[in-house]
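The structure that follows is given in the form of structure tokens.
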Amino acid sequence: MTKTTPQKRYGMVIDIDRCDGCGACMVACSLENNVSVVPPEAGIHRGLTWIRVYSVTNEKEYPHSDTAYLPVSCQHCGNETPCVGVCPQSAVDVDPKNGIVSQIPERCMGCRYCMVACPYHARYFNWWDPVWPEGTEHLLNPGVTPRMRGVVEKCNFCHGRHHAAQERAASEGRSEIEPNEYQTACAEACPNGAITFGDLADKDSEVAKLAAGPESFQLLKTLGTGPKVYYLTQRGWVRDMAAKTPLPLDGQPDD
Amino acid sequence: MGFSVKRRDFLGLVGGGAVGAALSPAPWKGLDDIAIWTQNWSWKPRLPRGPVEVAFTHCGLCHAGCGLKVRSVGGSPVGVHGVPGHPLSAGFVCALGLAGRYLSYHPSRIVEPTIVGADGQRRGIPFKAAVRQLGDWLDDTRSGGGHGSVAILDNRPGRMRSLAYRKWLGALDGAHIKGLREDTPINRLRAMLDGPAPELGLDIARARTVLSFGAPVLEGLGSGEAGSQLRGRSDSDKPYIVQIETRPSRTARGADLWLRIAPGTETVLALGLANVLVSEGLYDKEIIAQQALDLDGPGGYRELVARFSPKKVSRITGIDAATIKKVARRFASGPAVVIPGVDPGGGPLSAEAQTAAFSLSLLNGDVGRPGGVVARRASGTTQLPREGRLADTVELADVPDGSIRLLIADGVAGGFAIPTSLLERKLNPSEGRVVSLAPFERSALHGADLVIPSTTPFESIDEAGVPIDAPVDSMGLTVPSMRAPDYSVDSLRVLSMVAKSSVVPTITELLRGRSDRIHAGERGSVFDPSKGESVPLTEFKTNGDLWRALTSGGLWTDASATFSCPPFRLMGANAAIRDRLHRALEQPSTADGWAHEITLMPFGWRDASGDGPLPPVMAKLFRETRLRLDSRFATICPKTAGDLGFVEGDKASIKTSLGSITVEVVLDPAVVDGVVHVAVGPSTEAFGDASRGKGDQPLDLPSCENDACWRVIPAKMLEVVS
Amino acid sequence: MIEPLTNRAPTRVFLTWIGFWIALFAIGGYFGMLCLSQGLHHTNMNNRFGFGIWIFLDLTVIALGAGAFFSAFLLYILKKQALKDVIGSAVVLGFICYSGAVVVLAIDVGQPLRAWFTFWHPNAHSMLAEVTFCLTLYLLVLAIEYVPLILKNPSLSKNVSLLIFEGQLHKVVVVFAGVGAVLSFFHQGSLGGLYGVMNGRPFAFREHFFIWPSTFFLFILSAIAAGPSFLILINKLASKITKKQLVRKEAYDFLGRISGWLLLAYVGLKSADTIVWINHTAPASGYSVSEFFKEASFGTWILFAEIVLFGLLPALVLINSRLRKRPSLMIVAPMLVCIGIAINRYVMTLQSQSLPTLPFEEFVLYTPSLVEIGVFGGMISYGVIVFSLSYRYLPLYPGLRQKAKT
Amino acid sequence: MILTRRRTTILFFIIGLVVAMLAGWIAVPAALYESIEQPLGFSHVVHSSDDVGMECDDCHHLTSEGGFAGIPQIAVCVDCHEEAIGTSKDELKLVEEYIKPGREIPWLVYARQPDNAFFPHVRHTKLAKIPCKQCHGDHGQTKTLRPLKRNRFTGYSRDIWGHDFSGITTSPPWSMKMSDCVDCHRKRGVRDSCLACHK
């Protein structure tokens, strides 16, 4: 709910037409952020996937059948961020400097109100104690703390990498980081270059250009949550399916 | 009265205590500490601490051999990244490569030698005893067996290690058997060339058209570089991808043109395309005139393809004649690459299908042409430090049934799945024994009589593979980034302990030897991952310098060579194959007389290391997102489901004469009517264990007649009454 | 030492009765410990259902418990003497509902040991923080209101000084009644606010007045409408079980009338709110209300049931003095009222989560696990136990003669 | 009668009060923290003295990536202590138990923050120019290593939670709680979100 305009606005553009659903982004993300391996009984609704690849088919037959894969992570809403206002003990906030929406597991008491409030189903709860296969604790990424049972977690644009970049910059006497020094694990891992991460506030950045492009759209734009994750597609049916179009309101179309 | 005094005083004491406690920090501190305790209690792992070291290596999990940057803390890898600018992988790492380090701790890793006793029970034995047992078996075999009675199944032939195997086998008159991998079919093309042919590669990146018979062109075929260049929007400079595949794979969905071919009719389509090329005179007349040995004449290629008119082909393959013509013309319009795919689960195409497919390359004059088939110069791999007879390398399909009495399976990752029945057919029925040197339980080897666990790719030094699309030869090493556990042992060491006559060199000796010969060759250049640039080999003064570069994650790549196409046979030299080509129009007979109602097509997911285990994190994610359905799911189209009376989520049993598996029905309108697709390989249940025994994998179902091809399995699909 | 009051059930009968409920409570306690010690995977909640039946039932119980503050308000502030008969039971009921709800909430959150962070690092914007504060404070108030009752136990009131203390308390009870009214007014509201403010959940989101969404006011109104009805039910039930006339008809009649008129008002406002929601609020956020009700399990029937069947209907019955004379209707109507409120809380809690907001997410249903039901059963039995004990040992009902056995 | 009764009650009240406060202020802290000796004696004074002439960052330096190397690995000690210098007990222990077998010395860290705290030393020392001793105290001037006081319950070093048990007059170097970080950031006008210091 912070009113100050961030100097940076980190965001992401995901080209749906480039995504072939290989899942590398999810794997990279889970490894980068020490997302625990929950037991199999978790099923599809009790797991932990900071970025989740949805697969949607147009239900048509060959040769017209088509499938779209939509990676959905926290959208880092920039406006009336739904999860920030509801948290009773300030475990969620928006970084005034870069617009990243945080989730602090050590502050969270696990009431899950934020999950209920999130329209993107992008928040995940630790229903179990975090599990890793026997003996793999020393393979964890030292830059990100594992979450304990009973708290909510979600994508924070690989903030561990942001820390590392800041440290590197500081060791060279810079207080600000260069754009190329900070990239999310999913963007780095995507074999198709479908994910572009960067500073939306920097008009010359590739991510800003793509986000401003004609093919870009936001998920559930009509909710007015101002997500900082944009999607691209040339396929009409995908756009119609994924982008919620405003309904006519008292005759006039609403936007 | 006294009673009430006591009560009042007690109340007073308690009250005072309460007030006193409240006035001390203890309770508040307690409250705070409890909260802190919940923040770092022991049910949550501790993070590794210490400075981060960066090292470079290559991925040994499959033959693509991507370059890796490894961040370690206290000797354990805590992060794996791609290497930008890498000549082969160009910064690309697949999901498996990212998570591969977790395989070393995989629940299905074998942590001690095991043997199957007389009672059929598997139990652990000491390493020494295991080796002694292997030695005894070797002696039996040598006394009893003829040629090829001892065999090694090598999932990645062509390595220095493979040469050591062949030398070891040479002394025993044994057979060196190629495991399945995606570039196996290229040897069919080599066999079509007249006289000795060099190693061949596919120049996918520069091709104008890619004609893929079910190859995973967009799912990590070959090096990452090719993959990343082929994916995405249809850019003009990008090859036009024609995917010929029955299953709506990710590649099929993403290809420029997807030909959903009727199951098992690839041969017919290939010859149909050839028909168009020949009849419309679109082939490379010059080359054909000079080099083709079997175009004309009775039983010649021209006569063969003449019978495959687009109309007829269209009836069999289900692809309309116009499209066939269109594809043929596109194909002939420039350099093209033909890839007869090998599926990690579905296995290779039939020999005749591969031959027919490659005959298109020859027709198009693509062999030796940039953007087509390129030759790699041999570089130091041919000779061993010590001389000696080498056993020759054969395809599993060509091994005579029942000939193997002692099969040793090399443990390297990245091998594709092989049906149990096929392996069993090759074994001697009475005393055929299987010894597995794999670090994990692999479904094809679940019955291994003896298991001696070896190291995983991240723990041992070895050669990284040369991807199918690499135009030149290369040498990169998998530099160990974590300690090998004491129970694991290098396969060569096992062989050396049981070797009677020959002396088996260590893997390091072998690799160093090749490195030195490469240095002597003074060809090519070396890529330095830490700088991200290549320098000519000649700048390396001593062979030690080169070795140091390689052992710190460097990659040597050969200089490209020109290669002019030798004389060739469009139908190959093998009479049996030629014969089957001529009979290709006859309806493919079902494997046995067994009446069936549905066609089972097993397939394997890419970057899931064949039938090996899956890193827990991948298993978890695919399970939670249902992005990859494992062998517990069967995909059919709504129509088939309707005909058989299934709805989404039903439990069904898929039966063949060999057995049955139970699956959950999933509907997909893109699937062909009458076909059911079931994935082979690691379950996403538990932590992604490899299949733990017979009867739970589709590959236990095919009977593998027809030239060891198991893509198309006649089966029944029955409801499971629970 | 503490004797039961006269004309209460014989000890043996009482023990069997209470024993049964203690057993049930023990089971609930065990299940609760499972969740606390091993995590919430023992429930059937999931990432799509962050709130399960625990939240739904807590909300319902708290709404029904509103009888306590409301009757206290009417009796002590507005001096409605007719309520003298029920105020005791009202206070006990309120205490049970609120304390029970708080305990269940403590199991429901993943990290109860950190729950106090809400007081240390509160988020002023959060409705849930408001709920937590008011709930805790009001629970204190209830406890304080409860104390005089306890002290009225004859064997305790032997003690002079305690009697004096009780007398003092009684003087200030008016103050507490006022404070309690304000507090519970706010938390009932903020409980409604929980849903109304969720701008990401078009099904739950509502128009705002100042900083409060309409649900804020609707929840208050529905709570004070249902509270009295619940009082009627419980007291009638108690009379049934104890086979005694505990409360005079006038009290019931008064409660019924209050409940009826308030409910009518509520139904009116709720309908208005729904109309605005259908025609403006939901479309403005890009959703047509028809999407919300297209799944059979949450069809328009549930909207009808909530507003008409379990709202308008009982309201009309209760405002009609002739119908109120009919004993059967005085059971049925309040029952309908309570069910109606339950449906409202159910819809707001569960339907809003069943519906996906992302177009490519699926509609999900959830059924509580045995553990969840068991824990709540434990809470109910806790209520029964406390009420039985209070009834046995404390003069809940001035109507009955109270004298310690001799 | 009533008076005496009241007096005794007040007496009892005071007894309760005093006992509870003694417990809260003295007994509890004493019981809560265990005192652990360092594996070896070590004198910063000797090492930084002119005849040895080591600088702080010979041991406690920043890595190329900007991270803080923290307490040096045994390799640094080997440079001088390959063979025992002098015959002190600690010296022999160092050589026999750690240097010869090549074992790392399990130093106890007074200022170890929990896993979820991200403290970029380089930003504070290099950019903000904050001297080490502001948070760590004048460690360089110590002749001996004091024992580590560790909270038996949370495992925290007392240097982190604060030596003043009341938690009122805490500030570095005797306390490195979040509130201490926040105070300093406020003073210097650093506006930050949670993630700036939490990982």
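In this document, chain identifiers A, B, C and D correspond to the written order of the chains, with residue numbering beginning at 1 in each.
We take it that contacts are C-beta pairs under 8 Å (C-beta built on N, C-alpha and C of every residue); 3 or more make two chains touch, one makes a residue touch a chain.
This structure is a prediction, so every number in the text was calculated from the model and none was measured.
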For this session: Have a look at A-D versus B-C and report the one with more C-beta pairs in contact.
Result: A-D
Problem set entry | By mean Cα position, the chain sitting nearest the middle | A
Exercise. For chain B and chain C, what's the span in angstrom between their mean Cα positions?
Worked result: 62
Exercise. How big is the gap, in whole Å, between where the Cα atoms of chain A centre and where those of chain D centre?
Worked result: 38
Exercise. If you average the Cα atoms of chain B and of chain D to get two centres, how far apart are those centres in Å?
Worked result: 53
Seminar exercise, completed: chain A and chain B have mean C-alpha positions lying a whole-number Å distance apart equal to 32
For this session: Give the residues of chain B that touch two or more other chains, as numbers and ranges in rising order.
Result: 8, 37-39, 46-47, 50, 52
Exercise. Which residues does chain D have that touch at least 2 chains other than itself?
Worked result: 65, 67, 115-116
Exercise. Which residues of chain A are in contact with two or more other chains?
Worked result: 42-43, 47, 54, 91, 106-107, 129, 145-146, 148-149
Problem set entry | Interchain contacts (touch definition) - all pairs | A-B, A-C, A-D, B-C, B-D
Exercise. Can you name the residues of chain A that touch chain B in the complex?
Worked result: 15, 17-18, 20-24, 26-28, 30-32, 35, 37-38, 40, 42-44, 47-49, 52-55, 57, 59-63, 65-67, 106, 129-130, 132-142, 145-149, 188-189, 191-194, 234
For this session: Name, in rising order, each residue of chain B that touches chain C in their complex.
Result: 4, 8, 31, 34-35, 37-38
Exercise. Which of the residues in chain C end up touching chain A in this complex?
Worked result: 38-41, 45-51, 108-112, 114-115, 117-118, 120-123, 125-129, 132, 194, 197-202, 280, 283-288, 352-353, 356-361, 364
For this session: Note which residues of chain A are touching chain C in the complex, please.
Result: 1, 39, 41-43, 45-47, 54, 56, 70, 72, 80, 82-91, 107-121, 123-129, 148-151, 219-225, 241-242, 244-250, 254
Problem set entry | Touching residues on chain B, where the partner in the complex is chain D | 5, 8-21, 23-29, 33, 36-37, 39-40, 46-47, 50-52
